[in-house]
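Take a look at the structures listed below.
Shared chain: chain A. Partners: chain B in the first complex, chain C in the second.
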Partner chain A sequence: MDSVFYQFAGIVTYGLLASGSYILMAMGLSLIYGVSGVFNYAHGSLLTIGAYIAWLLFALFSQYINYMIVLIIVIPMMFYIGVGIETIIIRPLRRRPNWGFSAIIATLGLALIIDALIFIFFGPLLKTLPRPITGSIIVFGFPLNNYKMVMLLVTLILSIGLGLFFRKTLIGLSMRAVAQDGTGARIVGIPLNKIFGYTFGLSSVLAGISGIFLGSSYNLSPDGGWLFFIKAFIIVAVGGIGSLKGAFYAAVMLAVLESIVSFQFGNKWVMPCWFLSLMIILIFKPKGLCGER
Partner chain B sequence: MLEIENINVYYGEFRVLKNISLKVEAEELVAVLGPNGHGKSTLLKTICGLINPESGSIRYNGVEISHLSTEQITEMGLVYIAEDRNLFPDMTVMENLRLGAYNKNARKPAKVKRNLEFVFEFFPRLKEWSKRKAGTLSGGEARMCAIGRGLMAAPKFIAIDEPSLGLAPIIRTDVFSKIAEINNTGTSVLLVEQNVVESARLIERSYIIDDGKIVFEGTKDEMFNNDHVMKVFLGA
Partner chain C sequence: MGNEEVKTGKSAYSMGNFGKAFFIGMLIFSPLLLQNNLYILQVLIMCFIWGSVVGPWDLIFGYAGISSFGQIAFFTIGAFGSSIFSMKLGFSPWLALIAGATAASLVGVLIGLPCLKLKGLYVAIVTFALHMTLPALITAGRKIGTGGANSLTGIPPLELGGITFSVTNRVPAAFLAMGIFFISVIVVKLVIKSNIGLAFVALRDSETFGRCMGINDYKYKLIVFAISAFLAGLAGAFYAHYFGLISKRLLSLDVFVLLLVILITGGLGKFPGVLYATFIFTFLNEFLRPLEAYRPLIFGVITVLIIILMPEGITELKTHLDRVVSKFKGNPKKESGKATGS
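This part shows the complex of A and B:
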């Protein structure tokens, strides 16, 4: 009895630890949709970009660099990449009728281009990022990687930071305002285009950070972002599309489910089970756990 | 303060405003009256830059604003308070008010604090509701919140659309007297209304719009003494 309980507790803890990067990537995907109504198919590719930039930095300056410095470099780069995508690709579409569908096509095309460029520059061989921290501690008989705990800690700090950002800063409040009533936002003088740009920037930063996190657990490949895009998609749909809180809870929930399923039935059953849980939740809550719109 | 000359506004092929000209002097309270669906709201949306006119000119303190964005116009102190309020429903009353002060001239912390005190003095109930989500407010409460949010922008001129719409008579009177008070503090007001009788007390001068054209222009007395205008356009 005890050993079963310990095993289960260990599996759950393992899942909780794995939720860090899922939380960040799903919040990023949900954020863009919530604020600007764009479903960004290039989100997975942005994840890949973040991971490859980190890999390049390690490859070039391995002696002089650590994850702290990598983040300091990657965060502003991802931000401007996001702003650039919004300004150059999405903004011109927004003036047209049916622009939502055009935006889907455009971000899908962008994803394919990014993947191709990464393939051209970095080649098809799998790459790995160094593990920032080694060692592990044993909890309930399960080895828990120290670096995964650090990742989760960083994720939680970032999530709290995001919460404060959306409640306390004028830009954060403006993003929520644009999400809730675009005309109301214009009336109080909020420049919509600027806010859309910042939102894409912030979302890309979240994708980039989760890309680095995932890159230190998995191998990097040019089209490796797609699996995580699909995962982020399911998490966001479970949590309620556009809701950050929903993305957070759904990421934790599905990460634990992933851990349970892969221990009990094996890795290949994870995605079907995720999808099954998505369908069950949508039957009872058609707009997801925290979805309002 | 505000001079509109011969503006024409289209929704697609449909011409909503036809050669409209009107004027609001500093500290004046001017009403635009007339039946629903005849371009009154469109007029206010055009003034505040949500819609661009096809032709004609809108000058605010001598500056041409007809092709500026709402963002730029708000910054100049011309603030629009919408008929359907356009509050941010999942945000608290306080957050809504804070965003009212988004424009560069109103957002400094000291100024936000002062304007907030002014708004709370003006609508004491808003202070009580400050932690409530705007989406949970009743019609009258939401109207006060919308006006409060407009005042947070430190306006010199407010364009307010149908403030009495959907409100119980007793609350209507309250809202009208608040608008008169705002006007008394030196803010010019351009008011769009259907409710002629109840708003008459505060109107100095009015225009009547019918089918996108101005069909009457005059002082309150001229309007009330004009049987034709009262019967045909105002149904009173």
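This part shows the complex of A and C:
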């Protein structure tokens, strides 16, 4: 009995650790919908961009660089990429009625463009990012991967930071105001375009960071973002589209589910089980776990 | 000639009934005309197949307002379903064709039951999630005959009176594909003109009023969703028996984006528009094939440009052309309200 319990606890712990890499990408995807109403199909490709920028930096300046410097370079780059996407592609669409679906299709086209460009510049071969931290420590008989723990820690810190950002800063509060009522926000003098741009920027930054995380755990390939995009997508739908809290909890739950399923039945059943849980959630709680809109 | 058409109130560019009949006639006899050019014939068959997938897609996306991204998933379910029915369960290919399409339709109903009640993006999300999880299901379903991670080969061809409709015998196959294409087109047209289509138009124009008139759009949406899944599944089943080989690559982004570009270029809710777009882009897709990596780039750019510049699709292009033409001809009667007469 004891050994079964230990095994189960081990699997759950593994899932919790793995959730670190899902939380950030799901929150980025959810944020953009919550504030601007755009479901960003290019989120997976933004993930890939972040990872490839990091790879390029390591390939060019391998001796002088570490993950801290990479993050310092990648974060502003991703931010401006996000702002640029909003300005060039989303802003012209926003003037139309019922523009949400146009935006979906436009971001899908954008994803295709990004993937193709990455393929053309970097080639089809798999790339790997160096692992900054290796080894694992053993706690109560469970081996805990050090790198995954660091990722989870960084994710938690960033999540708390995001929570503070939305409660304390002017931009964060403005974003929440826009999320609640765009017209009302404009009436009280919030610059809507700017806030939309910042939201895209912030979401891209989150995508970029999670891209680096995932890129150092898996291999990089030009269309590798899609697998993670669909995962983020299901997480966000389960948690309630537009809810950061929901994305956080759903990411943890689904990561644990993934760990259990892949241990019991094998890796290939993970996505079917995720889809099934999405359908079950939609039947009983159609707006997701924490969905309001 | 052109002036007379303008006088009858028709657009200068509309072909008129004679032109239309000529066009359809050309289409019907095209397999015979192309029987020496097997490559073009193959592309033509693909046009028919994609046309019978995209037409119903426009019906649910453009008319019923269901933002479904599951059309290719239903196509794939039809293809794999029909193959499994004929190979594992020993159905005759014709029966398997219908059974596969019915399976796709059933999955459509199952998916539609919970999510068609929801407004907004949930349908898009659930159907796209179905699309993205299907490859995993196909890989996992080796035991029920999906071929697992490899492609599924050896699917028996359709056969009638000694004629096989397979990739080695393309002229009759093209006629069969055309038959399926016309069935799909006719069903879509019938639905658009039926009470269901009218109900959707009413809801689109004024949702509150439509509901006050007692339109139960959930029921109608479910029916239309099932019909379009059936038609997509039928096309998929034909595809499987025609090629004798299918794999989960059907669900790759390549195919998805091709059909999406066709849909938005044809214009949502402007029915025959998608059919023209099907022929344009299926051929374009083939001609761009030598460009390899640049092809998705081109399609991505086309998608973004069309959605930003021409949200109504190619039908908008036609109105622009009409405007230019009537301006050029200096016929101010024609351009009432559309363009400012100079």
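One rule holds in what follows: the second predicted complex is superposed on the first by the 289 of 293 C-alpha atoms of A that agree within 3 Å, B and C clash if a C-alpha of one lies under 4 Å from a C-alpha of the other, contacts with A are read in each partner's own complex, and residues count from 1 in each chain.
One rule holds for everything that comes next: contacts are C-beta pairs under 8 Å (C-beta built on N, C-alpha and C of every residue); 3 or more make two chains touch, one makes a residue touch a chain.
Every value quoted in this text rests on a predicted model; they were computed, and no experiment measured them.
By the document's definition of touching, of the two partners only chain C reaches A:286; chain B does not. When both complexes are overlaid on chain A, the residue A:18 reaches neither chain B nor chain C. Of the two partner chains, neither chain B nor chain C is touched by A:53. With both complexes placed on chain A, chain A has more residues touched by C than by the other of chain B and chain C.
Of the two partner chains placed by superposition, only chain B is touched by A:186; chain C is not.
Contact with chain B, but none with chain C, is seen for A:176 once the two complexes are overlaid on the shared chain. By the touch criterion defined above, A:268 lies against chain C but remains apart from chain B after alignment on the C-alpha atoms of chain A. Within chain A, no residue touches chain B in one complex and chain C in the other. Chain C contributes residues 67, 111, 114-115, 117-118, 120-122, 124-126, 128-130, 132-133, 136-137, 139-140, 253, 257, 260, 264, 293-294, 296-297, 299-304, 307-308, 311 to its touches with chain A in the complex. Interface residues of chain A facing chain C in the complex, by the touch rule stated above, are 33, 39, 89, 92-93, 96, 100-102, 104-106, 108-113, 115-117, 119-120, 223, 226, 230, 233-234, 237, 241, 268-272, 274-275, 278-279, 282-283, 286-287. Contacts from chain B toward chain A in the complex involve residues 48, 50, 69-71, 74-75, 80-82, 85-91, 95, 98-100, 102-103, 107, 149, 153. The part of chain A that touches chain B in the complex is made up of residues 167, 170, 173-174, 176-177, 180-181, 183-191, 292.
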